[in-house]
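Consider the two complexes below, in which subunit A is the common component and subunit B and subunit C are the respective partners.
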Partner chain A sequence: MNQEIISRQELSRWLESLLPGYTVIAPVHREDRDVFAVIGSTGEVAWDAGRTANPAKEFFFPASETIVRWRTGPAGLQVEAPLATRPQVLFGARPCDGMALDVLDRLLLADPADPYYKARRDATTVVGWACGGEHPGGGPFEGCFCETVGGGPADRRFLDVLLTRHGDDYAIDAVTEKGRQLLSGAKTEPRDLPAVTPAHAADDIVGAVLRDRPQPVLQMPPPTEWRAQFDAAFWTELAQRCLGCRTCTYDCPVCYCFDVRDRALPDGTIERLRCWDSCQGMQCFAIAGGHNPRPTQAARQRQRYMHKFLYYPEREGVALCVGCGRCVVDCPVNIDIREVIAAIAAGATAAERVPA
Partner chain B sequence: MNDNPFLPALARLAEIRDLATGIKLFRCEFVDKETELHYRPGQFGFLSAIGVGEAPFGLAVSEARSGGLAEFAVQRIGTVTDALHEMQPGDLVGVRGPMGNCFPMDQLKGDDGSGRRIIILGGGIGLAPLRPVIQEILDHRDEYGPLELFCAARSPELLVFREEFAEWSAAPRTTMHVTVDKGNESWTGQVGLITQVLAQVAPSPENAVAITCGPPIMIKFVLKELDRLGFAPEQVIMTLESKMKCGLGKCGRCNVGDQYICQDGPVFRYDQVREFLEAF
Partner chain C sequence: MIENFEPRIVGFLCNWCSYAGADLAGTSRLSYPPNIRIVRVPCSGRVDPLFVMRALRDGADGVLVLGCHPGDCHYSDGNYHARRRFAIMHELLSFVGYEPERVRVDWVSASEGARFARVVNEFTEAVRSLGPVRRLGAQSATAPAQAAALRPAAARAGETPGPGQTGQLPELAAKLLAEGQVDVVLGWEKGSVRERPLFASTAEQAARLIVPEDPSASLNLATYLHHLHGKKAALVVKPADARAVNVLIKEGQLKREDVVLIGLGGEGGRGPLPASAYDFVLGEPPVLSDASVTAPLLDEMESWPVAQRAAFWDAQFNKCERCYACRQACPMCYCAECLSEQLNPAWQSIAIEAPEQAFFHVMRAFHMAGRCTGCNACSNACPEGIPLYLLNQKVAREVARFFGPDGLKGTGYQAGLSADVALPFTVFTKDELAGGHS
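Let's look at the complex of A and B:
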C-alpha cells in the first residue's frame, strides 16, 4: 500500500521554510529537559524529544496576557482588546497535546467564544507525532494514561498532521485540510509499505510496541462513582499530603481557571491582564469580605478532581484530563492522579487510604 | 454590547447615592448613547474601576425603572469596591452585562392564576438583587399574589433602600417586616435575627414560594428555618454569589457542583444546588 513518506532532512527543510511566515513552536532541549518553545531555526528542534515538561497550553492561552487596554488620547479614554493573529505552527505535539486542545475548545470556543483563545486557535496548525513506535523520544512516558480518558498514542483526531517515525523517515498522515495545505510545500514521496494502510500508518507502526505495554489500562469510574465520593474522608487524607503548591494545575495541559487583574503602566496606559490561576491556592475561591466557600485544602483537592472527572464531563462530554502524566511526575509529594482515579473506582472510604 | 464579551462598555457615573454605612448606589450612564441594557430581575453585571479591577454586582433596579442606566449597590469591602467608593459623579467606569439567569417571574405568578404567595427575605446588601423583583411585582401588582417582605441587617445603619420601605409596605396585599440584629438609640423597630422573625411570622408553605439573598451565614439558617416551616427545596429560590472573573462560564471559579453561578445561576432553586453547597 502506498504511504506518503518524508525524510528527516526534507521535514526539517520544510519546517525551515515555514519560519518566515509562521511562529513555529517545537520541542527543544533546555538544560536537562525538553520543552515547547518558539524556535528561530530548525537547528533548535529536539528530534528525539520526549514528553515536554510544559504543555502547549501557553501558546493558546498564555500564563498572562493583556485582554483589555485603555489609553487616554485626544478623544478621551480609548479602549481596545488586542488579539493575536500571527499564524503559528505547533510542531512535535503528542496526540495528548492535540487532545488537550479539543478538551479546551469545548469550553473556550462555546458561545460566547473566548476571543483571545479563538484567535490563536484559528491561527494555529498542529503537526504532531505519534508516541511509541520507532520515535526516538519514545513514549509512553512515566505516569501517562491517555487510554483511560479516551486518547491513544497514535490518536490522529485532534492533530492537523500526524507524523509517525518509520526507519529514518516519517509516515505522513494529513488529517485535516488545514494540515494538507501546510504540507503543500513539503517534499514527500509515496512508498510501498505493505504493512500499513495510508490513513492509519501510525496505528500499525506504533501499535506493535504498545501491544506489549505492561500495565493494564486504568478504568475511569463513571460520574455516579465520583458523585458518591463527594463527602469521603479520602479528600482530607489527600489534602494532608498536598502542599498547595499549584504545580499540578500549571503543568496541566487543560487546567484553564484564570484570574483577572488590572495594572497601570508608567505612561498612563491601563492594562487588564488575565493570568492562570489554580484551584489549589488558598485564596482562589475567597471573595471580598473574606468568605471562602472552599476553606480547606481537602475541599480544594476535591474541587480539582471533581472538576476534571465529574463536572467537566457532565458539561462538556469529556474529562478535563488527557492523561499526559505531567502532574504525576511533577508533584513534589507524589500525589498521583491515577491513584485518585483508582481509589474512586474502588470506592474510597475513610478506611481505605490511598497508597502513597 | 459589543462582540468581545470581555470588553467593558464605558459608562459615566451619573449619580452616586449613600444607601447605608459603607454602601453606595451607583447609576451608570453609557458613554455610547447607542448602548442599551436589556435584562430581567436577578441578572447581574460587572462593574470596573478601570485600573483597579472589576467585580460582579446584581443589577439593583428593574429595567422598567432604570431609565436606561445600569444601577449597582456596592458595599465597600475590597480593593475594587474601595476604588468605586472613592469615585465622584462624572467619573468613568466600565460595565459588562447583563449576565446570568433571572428569577422565574412567571412561576411567581402561579401557574393557574391562584395568587401564589411570595415571601422575600433579604439580608444586608443581599436586598439589592431582590429589589428588581419587588419593583416588578409592585409595578404589576394585580398579576401576583400576596407579598411578604423580610428585610434585615446587622444594624440600622446597614439597612439599604430604607427610603423605599414606605412605598413597598403601602402596596396592596403587601406585608413588611424589618429587623436588625442589634439596634441603636434611635431604632424603634424590631430587633432580632431574620430567622427569628421568620419563625414568629411562620408563613404557610402552601402555594407559596420563598426567595432569599444575603450573607452565606444568613442563607444557611434561613434555609433551615424554611425547611422547619415545611417549605420543600423546590419552593425556595436563592441568588448566590461567588468569586467570578468572567461571567461567561470560562474562568472556572464560580461552580457549585457542575453548575456555574455565572451562567446557570445566580438564581437557583434550593434543590438544584443542595447536593453541592460546600461550606457556608
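Let's look at the complex of A and C:
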C-alpha cells in the first residue's frame, strides 16, 4: 500500500487556499527566533522552524481578553460581550503543542466549560509536524522531554492532521474527520516510500529519534513521591536563585492561571478583562486583608511543580506539562524542570526534610 | 493637523502660586483657552512624573506643570526637586516617542495672572499644532530583523576576564566560608543550558564556582542581596555590579561590611572603579576606562525623528509580556510593591498589551535615573530580547548631562562610583537648569 504524500509546493498552495476562510497560525521567523503568529500569506511560513519560542496557548487563551464592556450613553446602558471567533487553523504545531490542548481541554472543557476557550478550541483544526528527522528544525530541541510525560515526537493522538517531513515532501496522516475535511482540497499523491508503513508513517520516519537517544529517558516519579517531598529542603535551595519573574509560566503551553479585573477607559467605557497571571508573582496568592499563604519564593516554586505533577494528575489524570522545554531554555537563571523531576525521582532530599 | 482639533490639556498647578495665578487670571477677566483641566496639587514637587505619563497614556494631548518660581517654594525646595525630575523625564519622553512640546514645566506666581494666561495660550497652541497624542505602543509594528544589533555593545565585543582566574575562585570562596567571613558566596556555576547563579555555602558547592564566560552578558548578583535575611555574603561582581552595591549602600539597603566584593578582572561592564573598591580581585585588576556611556545605537536613535523612535519602541513593547524578568533581575528594583502591580491606586491595568508595557518600561527607566549603573541585567534577563539598556543608558546620559560628579550642578554624574556620593534626586543646586524646562 502506498503512503499519501504532498509536496511542499502543494502544501503551501493548499494552506494559501485556506486563508480566505480561516485565520491561519503558523511558525514564522521574527528577529532571531521562530514564533507562532497569524500569517497573511504562506510566504511568511518558516518551513524550517524549530520549536517556536511562544506556545500556541495565546490563540486559544489570549494574554488579555475583554470578557464584557459597558458604558452609559444617550441610549442608556450599552453592554457588549465581544467574543467573536473565526475558524482557525493551527499549522506546524508539534505533537507536544497538540498534547497541550488535550491537557487544557480536560480542565477548561469540563462542565462548566470555559466559553472563551471552548469557542476557539471548537473553531480550530490542528495540523501538526512530527519532530525528528534530518532536516533543519527537525528536533528534538534543547530542553525538551515529551516522553517523560507520555508524549512522543510522532504522537498523533492530539492532532487533526500529522505531517511528517520526508525530504521535500510530507507524509500525511489525517487523524480526525475534521482533519480529513480540511485536507479535502489538498493535492496529494500516493507514493511507495521504502521502509515506511502507511499506518504508522510518522513512527517509521522519525522513530529513530526515540531509539537513538543517548541517555535513558527521564522517568517521572509518581504523584505520591511528589507528595512525600512536599517539605523537602530542596525547594528552598531551588528557589534561592529564582528571580520571581513570570517567564516560565507565560512561556508554558499549559499554565492557565488568570486574573479578572475591571478597568475604566478614558472614554468612559468599563472593561472586564481576563489576563494571564502567574504563580511566580509575589502577589498571586495575596488575599483581602493582606495575607499571603505562599509568602516565599520557595513556596511559590513548589506550587508550580506540585500543581504540574501532583495536583493536576490527581484531578485530571495527566501531568500539567507536555515536556516542550520552553521553560528550560527561557529561564534567565536556568531553573530546569528536568532537574526538579530528577531530584524528586532520586528522592535525594528525603533526608533533609524541614518542618512545614 | 486635524481640523477643529481641540487638544485636551491637563494642568498640575501648585496650590500656592500657580493656582492663585490662574485665579487672578480669572478675576482679572483675562481669557485663556478652555482646553486645560486643572488639577490642584500642594506643590510642583508633588507632581510625580508618573502622573504625567498616566495623563499622556490616557489621552491627554499635553501636560502642563506649573509651580512657584525657583526660590519662592512655600515648602522651600519642592520646585527645585520638580525641576530636576522633569529635566530627565522630559528627555525620556522624547526618547520613547512623545514630542517634547507636549510637556511643559514652568513657573507662575500668584501675582502673575497675565503670565498664566500667556503660558496656557502658548502651550495650547503648541499642542494644537502637534495634533492628537499618539498612544505609545498602540502601533502593532513588527520589530526589525536585526536582533543582534540591539544587544549592548559590550556584549557584542565579548569581553572576557583575563586568563588564569577560574582556578582562584573556588579556593578563595572556600577560604572565606571556612574562616567564617561569609555565610554564602554568590557566584556562577555551569548550568544545563546556560551559566547560572550559585549560592555556595559549603566547600563542596564552592568547588563548582566558575568565572562567567562573558560577564557583560550575565545578570547582576547584587539583586539577591535583598533576600539574604541577615546572612553575610560574598558576591562575584563586574564593575557595574559593584557600583550597584554602592548605590544600594547609599540608599540604606545594606552596609559595606555586610558584603564581600570579589571583582572580576577585565571590564565586563562599563567602569571605572578602582581596585580598592573590591575586597578581592580575580586575575588582572579591572580595566579603568573612559567612563562615558557608549552605545552606538543610542547615538543613532538620538538623531532620529521622534516618530521613528516611537515606531522603534512600539515594536519592542509589542514583544513584551510584562513577565517582569527585567525588574526582578534589577538590583535597584527592590520596592515591596511595584507601581505596576499596586492595587490602590491602580496605576496600571493588568492588561498584557503594548500601551501598558510601554507605561511600565518608561516609569521603570525613570526610576533608574541616577541609580542605574549599566550592568545590563535587565536586557540580559529579558526572554524577548528587548534592548531595555537603551532606555537606562539614555537616562544615565541625561543625568550626566545635567548633574555633576558630586550630584550637584555640573556634568558627568555617574551612579555608584562610590557609596558616599549623593543621589541626584535627593539634592539640588539653586542656580541650575535656569529658565524652567520646557
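Throughout what follows, the second predicted complex is superposed on the first by the 335 of 356 C-alpha atoms of A that agree within 3 Å, B and C clash if a C-alpha of one lies under 4 Å from a C-alpha of the other, contacts with A are read in each partner's own complex, and residues count from 1 in each chain.
By our rule, contacts are C-beta pairs under 8 Å (C-beta built on N, C-alpha and C of every residue); 3 or more make two chains touch, one makes a residue touch a chain.
Nothing here was measured: the structure is a model prediction, and the numbers come from that model.
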{"item": "Superposition on subunit A - do subunit B and subunit C clash or fit", "value": "fit"}
{"item": "First, second, both or neither for A:240, with subunit B first and subunit C second", "value": "second"}
{"item": "Contacts of A:150 with subunit B and subunit C, given as first, second, both or neither", "value": "neither"}
{"item": "Which superposed partner A:273 touches (first subunit B, second subunit C, both, neither)", "value": "second"}
{"item": "Contacts of A:261 with subunit B and subunit C, given as first, second, both or neither", "value": "both"}
{"item": "Contacts of A:222 with subunit B and subunit C, given as first, second, both or neither", "value": "neither"}
{"item": "Which superposed partner A:87 touches (first subunit B, second subunit C, both, neither)", "value": "neither"}
{"item": "Touched partner set for A:138, first subunit B, second subunit C, both or neither", "value": "neither"}
{"item": "Partner chain(s) touched by A:311 [first = subunit B, second = subunit C, both, neither]", "value": "first"}
{"item": "Touching partner for A:30 - first (subunit B), second (subunit C), both, neither", "value": "second"}
{"item": "Degrees between the directions from subunit A toward subunit B and toward subunit C, using C-alpha centres, nearest 10", "value": "80"}
{"item": "Nearest Cα pair across subunit B and subunit C, whole Å", "value": "6"}
{"item": "Common interface residues of subunit A - those touching subunit B in one complex and subunit C in the other", "value": "259, 261, 263, 277"}
{"item": "Complex contact set, residues of subunit A against subunit B", "value": "67-68, 70, 77, 79, 81, 107-108, 110, 112, 114-116, 230, 256-264, 270, 272, 274, 277, 279, 284-289, 291-296, 299, 303, 306-307, 310-311, 314-315"}
{"item": "Sites on subunit B touched by subunit A in the complex", "value": "3-8, 10, 48, 50-55, 75, 77-81, 92, 94, 215-216, 241-243, 245-246, 248-253, 255, 257-258, 275-276, 278-280"}
{"item": "Complex contacts: residues of subunit A adjacent to subunit C", "value": "29-33, 63-64, 142-143, 237, 240-241, 243-247, 250-251, 259, 261, 263, 266, 273, 275-278, 281-283, 297, 328-330, 332-336, 338-339"}
{"item": "Residue numbers on subunit C that touch subunit A, as the complex places them", "value": "58-59, 142-148, 191-199, 219, 223-224, 227, 321-325, 327-329, 337, 341, 349-353, 380-381, 383, 385"}
